[in-house]
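Per-chain residue numbering starts at 1, and chain names A, B, C, D and E are given in the order in which the chains are listed.
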Amino acid sequence: MTSRLPLRLGIAGLVLGSLFPFVWFLITSLKSQHEIEAVPPTWWPSGSLEFYRTALFDHHLLDYVLNSVIVAGGTTLLSLVVGTPAAYALACLRLPGQRWLMGGLLCISMFPQIAIAGPIWEILNRIGGLNTHWGVMLPYVTLTLPMAIWILASFFAELPTELEEAAQVDGCSAWSALWRIMLPLATPGIFTASILVFIYAWNEFFFALLILTRPEQQTLPVGIALFQGEFTMPWGELAAAAVLATLPLVLLVILFQRWIVSGLSAGAVKG
Amino acid sequence: CHATGDETATGASAPTVIRFVSWKPDYPRAWDEAIRIFTERHPHLRIEREIAPHSSTAYHDLLTQKLKNRDPSVDVFFMDVIWVPEFAAAGWARPLNDRFTEASQEAFLPSTLEVGRYHGHLYGVPSRIDAGLLYYRVDLLRKYGFEPPGTWNELVHQATTILDGERAATPTLRGYSAQFKQYEGLVCNMLEFIGSHGGILIDEDRGAARLSDERTLAAIEFVRARLLGPLASRALLTYQEPESLAAFARGNAVFHRNWPYAWEIANNPDRSSIAGRVGAAPLPGSDGIPGVATLGGWLLGISSLSRHADEAWEFISFLTGHDMQRFFAREAGIAPSRTVLYADPELLTANPQWRSQAAVLHSATPRPRSPVYPALSHIMQRFFSRALAYPGLDLEPEARRAEREMNRLLDLTRSEAP
Amino acid sequence: MNGTAPASATALRRDRLAAWVMVVPALLLTLAFALYPVAQSLMSSLRRRFLGVPALGDTFVGLENFRLLAQDPVAHDAFARTLGFVLLSTVLEVALGVAIALVLHEQFRGRGWVRAAALIPWAIPTVVASQMWRYIFNDQYGFANLLLYRDQVARYEPWLASPAWAFAIIIFADVWKTASFAGLLVLAGLQVIPDELYDAAKIDGASAWQRFWHITLPLLKPALLLALLFRTMDAFRVFDLVFVMTQGGPGDATQVLQFYGYKTLFTEGRMGYGAAISVSVFAAIFALSLIYIRTVGSRLLGREDR
Amino acid sequence: MADLELRSISKRFGDTRVLDEISLRVPDGSFTILLGASGCGKSTLLRTIAGLESQTSGHILIDGRAVDDLPPRDRDIAMVFQHYALYPHLTVRDNMAFGLRMRRTPPQDIDARIADAARLLGIEPLLNRKPKELSGGQRQRVAMGRAIVRKPKLFLFDEPLSNLDAQLRSAMRLELKRLHERLGVTMVYVTHDQVEAMTLGDTIALLDRGRLRQCDTPQRLYRTPADPFVAGFLGTPPMNLLHGSVSPRGDGWRFQSASVEIPLPPPSFRIPAGSHTDTVLGIRPEDVSISPVQEPASHLDTTVDVAEDLGSDMVLHLSAGTQPLVVRTRPNEPVHPSHPLRVFLPHRALHVFLDERRVDWT
Amino acid sequence: MADLELRSISKRFGDTRVLDEISLRVPDGSFTILLGASGCGKSTLLRTIAGLESQTSGHILIDGRAVDDLPPRDRDIAMVFQHYALYPHLTVRDNMAFGLRMRRTPPQDIDARIADAARLLGIEPLLNRKPKELSGGQRQRVAMGRAIVRKPKLFLFDEPLSNLDAQLRSAMRLELKRLHERLGVTMVYVTHDQVEAMTLGDTIALLDRGRLRQCDTPQRLYRTPADPFVAGFLGTPPMNLLHGSVSPRGDGWRFQSASVEIPLPPPSFRIPAGSHTDTVLGIRPEDVSISPVQEPASHLDTTVDVAEDLGSDMVLHLSAGTQPLVVRTRPNEPVHPSHPLRVFLPHRALHVFLDERRVDWT
């Protein structure tokens, strides 16, 4: 009944605001070195793919992408495998002091990364985790666990208790109840958690820089950070790399945004 | 991505692995080539590189992270000339006296040897030398009948004249381009201004900071009053080497302060719109006081925890050997650390500027040498950057505060002296 | 009802066991890679260790480091600056988040795409995003200048060279990147507000604005607080942005605690002091979070108050 | 106080037609019930009156003035929702005050009204509680109070009692009735519960799949249903409906279905001789007698399937051949499952429908 | 098939005692109803039997074997939940198969059982649907089916019909009754709906705030309630309960309360002469007659407050002085609000309770 105009404006503003920097980078990535350094900047690129070439072949971007996919994917998987049962136990089973556990988890995730980076590096060094994918996954999982567990827990908590009880009467142990009943129902929550974790792992820079010092294992953020040589700011390559680095996530988001939202709404803030 | 080298996995006959920590090389191909040659000559050795970001600081942090956790897998690493005391004091770098014989030292530039020394021991072999140079637009100076400036005031005068003349033609043209971002480079730049105004940063004998000397303050005042704004864009406050060089290479600056490598690029038609119109000269002084160039450069060191010290030495002496220095000089325009190469005809034809630069390179001024240099540098960076970023800032008290902090650190190290 | 009630002593024990088995892996990981490091840096924050000066040794000095910290003017600046950053960015993010959520909550064609678009900033690696903004605010070929001054290159601004602007831009970049995340949480909150309430409000004569102000906002409180909580935790630990964009400059204008801590810890090698800084960062976050948790309280912990 | 008139209201969602040409007059002060099975469109109709939905066609008049284009807040109505829709974050007092504040009523006035309403509903002690601290019945009262304080022209209720348990529901029923008598305002009340409909309303509008079937007083609806649907809808257990045909026989008539044959008296009106198919014969369970009756009646031989003893009375599920028949009698009658039983159908209690329309046979 | 025995079961949540020393025998094959007001502990008791809650004290025996230490899955019971608790992600078939698979029943066996159950409940066509594609009644049946296929010793139901609308509920009621007769298994059934309780169960256990008040057949519960609570709980409208005292008077006795005085026949048992305070006199609304009766009765003069015409019959709310009295009569009796009305109380229909306990007065 009310006018849709404010809404239209809102939509426009939202889309514009979210996209314009990215679009500018997209344009930049299609420019030539000279266009990039032109003052004033040119609006429209000549559409040269040179920077994509250099980013892909000189800087081996695909290797970095691959590493990131491995690390982020692995992290997500591990984080779910570890987090889901914990979340279930915390939300649905009787655990002494579960509130403390949850609170504790949250506190842990408050600690500055730079502070724990050193010790973590030590541990990894001791167990030979440096310059390995699993080595960087472990801290990622740890740091994303609280988030994952919180989302999943509050999601499980929303599922009707009757279902678990029915499962019990039907002969389920806690484990089979989780595995056969609760898990399938929690799919949206799991989606949400996965996306959040994945994006975290995909974007994380600091630990990766510290732990992965060999090009063979380095992830995208590090790889991109390494673009900067001494001679010129490689804006073009950066832009191209950024575009390439973001596309997978954009796709992911476009594919799963419905799930992300529904997952969150069934979870986190429902009170 | 290719398999990671893992020494334990490979069998007994497998070559010894030397792990070499380095920053992202500017000329990857040159480096690959060099390492290929080395492994060809030493089949029993294999070089494994660990790459850190190019920024000297980022590289330092990564390397020390390994060293302070006593990671034995590190063998060879680059040291910035300012790190030697820290690495020596912390016991990360291994003294090289027994290997790096007097005889072999002869061949290197004394200044580069000096920075590798700490409490009488040598910790690094000079691999490349750097020193601040003043690049200028030959065409513009000639057009207005100027010679490269001998003093900063001349520079200001020339630049102003030229800008007045050229503004219409090229509105983007500014007088001066250098590195004033809040980072190590800022200290290098300021050291040159201060030195050329007769000031110093630290009185090393007394171990006291000297930021509040009026000569020092005068130098800073000169930069923020005469240079930043009138002559140069305040954007310099965000510039490191790449940005400042880019500005110059795009023909947007009359004068440009940078390291030797800049010559190569500024004169490379693919990278520069002013190729062939670039000149290099020593940095200006001020009346009576000669110009000062900050000494930079990289040394190669061996980790004190390395299990393959001998092989590591093999590698280092190869990289710093005559041929390789020459190779890098030719391939990458990197200023070598060996004296003779500055007389090498082929190299001179490739890099004519060395004729004029040699003197500068050989007489460059090192930054304060202290095991806590990074901390000192941070204080100075903060001070300088604030001085330049806030034109109204009252320098005196700011300087004193910085001095106090620096002195506290210096006192700590006093106990260190044997 | 809190979950499944075990049937008796033995069964109780069995289910307790299962429950523990379920949490143990998470606990172990956390222990090894979070608790131990945290403990470590808590310990070393009480010791004096300066890599450059081994002679000082590695000695227990109690709260010495914190005393120094309390007197360190740089730390004070950094703290004030960080606090400013946290407050401004989180408030802006949540406010913007509400706006975003309201838009995304509406029904319109292509909502999926708009949602996706809104999430993109959050999906771009911070390192990349920082470079993007650095590029956009570049003094010569920056988009900002192009937008404002077109071809009057003489008027082009070196944004990041001005302390005030640099700080503002850092905040701006952070808000841009994470507002959509906040918006997501708020949206989730929106979706659980029953429509019947809005009908009732309409009948009661509330205008659209009044409905938002008197119904939506109050009922969004838990969501808002949750968003605030998460955002505050991250904002306090802002690092990548500064690291990539400004290195803390110009003139310390963007020197935030986390970055200061990084420099002391990793560059200067003052292990004790750096740890102390981190610990105080943690303390600050913890304090703020406690306030939030008090207010959001058990709502975050699911079932018990249903 | 106002009267409400609906002029052939239709409403479609997409292409499903939910309301179909509904016309209805609700006189001032009346208590009108919208009755119908779940999903028949009651709520939609009510929401349309409120202005929460907009009708696809037709007009709504309050006090003779068309309000089609007015938003809810300008229609001066109050509505009580199925789930009460109390504002969870406001106290009872603020919940009741909300509507008045929105209308800029002076504070002291607000307080006065709230005090009155609270006294009327006996919720004074609750005024400072939050909704979640209230029991179902209390919430109910608050929701009512929120409507009352507004002193609107028109009250709308959407199944306000459906979430209360039996005891509470009958209690609230009485209260509502008293309330209406005391306030004498116009009320439109949606429910699918017959007892509510029968006891509360002075008028019942019976909806079936978006159509208005019959609108009349509860008693007439119960005693003289206009068609088989209405007949079958009201009453628990519902009226027995036998489908078949009627035709003259000898001096009388008879009803004939697959498995039963029931003699009828001659009709009280002129009806063409010959068989009338598509006839429905109805009789209410309580009107069937299991013992002979004085008045004229037909009898039917059946067997007992199930006997439900409700204590207060007994429900027999019988079958005459394939024709099921439900009978309500007094408890502890001597009937036993699967025994034969002869039942008597008093003629005056028979309902006859020809071609889906009621005819007054006797 | 099994019998169930509860030995003084108590249950506390924190320090609120929810079940209080409940002892109960459910013989093999019986259909026992747990009846009580909302919050009285029915569900808790049922869940304790199932093993979903653990009793604080007392023992549960199935077939004479204590199952206190067994988790639900080992008690060989089936439970039908209030909201059915069908697994949303599984088809009807898989929902029914789930319990069997958990118990490693051979597949062909599973299919057979599901086929049987589906036929029995008439849900064959639904087997491949997901729960959300089912109507309430259908879900109900599926939930039942899921229980049946398990062939457990014991069926537990927690208000399985409370979410269905009236029509459907009475239909399902009949089905359930038939089902029980056909399977002849032991069933324990929780409800707060009297009609269900009266019609379904062969035994009703009436709970009040965690205590067992009376356990007997529906009829006896209705006709000879053990105490005023039971008397007042059953029946709609509930029994009229007058509080006062009895004392001998002349040759007979009389009941005396604040506002009424009712002559009584002499008691059928020895009772010490003199006044007995704390007496409750009860009579059911349908037993009160508004016209003179043949049998011995006392009469009472009242005035009419409200007359609720339900169509099938009429509920009169009367008052004798301050004493309210509810009467159920046939519809369209000539009564008018606020008119006087004399009612008759047949002696045989009077319930007398001395000190909260029933005495067979006549």
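The definition used in the following text is that a residue touches a chain if its C-beta (ideal position, glycine included) is under 8 Å from a C-beta of that chain, and two chains touch if they have at least 3 such contacts.
As the structure is a computational prediction, the values presented were derived from the model and not from experiment.
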## Note on the structure
By Cα centroid distance, the chain farthest from subunit D is B
### Task
Write down the pair of chains with the top C-beta contact pair count.
A-C
### Message
Counting only Cα atoms for the centres, state how far subunit A is from subunit D in Å.
### Response
57
### Query
With chain centres defined as C-alpha means, what is the inter-centre distance between subunit B and subunit C in Å?
37
### Query
In whole angstrom, how far does the Cα centroid of subunit B sit from the Cα centroid of subunit D?
92
### Multi-partner residues of subunit A (at least 2 other chains)
37, 39, 118, 165, 168, 173, 225
### Summary
Each of the following residues of subunit B touches two or more other chains, namely 65, 172, 252
### Query
In subunit E, which residues are in touch with two or more of the other chains?
47, 51-52, 71-72
### Query
For subunit B, which residues are in contact with subunit C within the complex?
57, 60-61, 64-65, 68, 85-86, 89-91, 171-172, 181-183, 233-238, 247, 252, 370-375, 378, 381-382, 385-390, 401, 412-413, 415-416
### Task
Could you pull out which subunit A residues touch subunit B in their complex?
37, 39, 60, 63, 66-67, 118, 121-122, 125, 130-132, 209-210, 213-218, 225-226, 228-233
### Task
Using the touch definition up top, name the residues of subunit A that touch subunit C in the complex.
2, 4, 7, 10-11, 14-15, 17-19, 21-22, 24-25, 28, 36-41, 43, 82-83, 85-86, 88-95, 98-99, 101-103, 105-120, 123, 138-139, 141-143, 145, 147, 149-150, 153-154, 156-158, 161, 164-165, 168, 173-175, 177-178, 199, 202-203, 205-206, 220-221, 224-225, 235, 238-239, 241-242, 245-246, 249-250, 252-254, 257-258, 260-261, 264-265, 267-271
### Task
Within their complex, state which residues of subunit C touch subunit B.
50-56, 73-74, 139-140, 153-154, 158, 160-163, 246-253, 255, 263-264, 266-270
### Summary
Given the complex, residues on subunit E that touch subunit A span 47, 50-52, 71-73, 77-79, 81-83, 85, 87-89, 98-99, 102-103, 146, 150
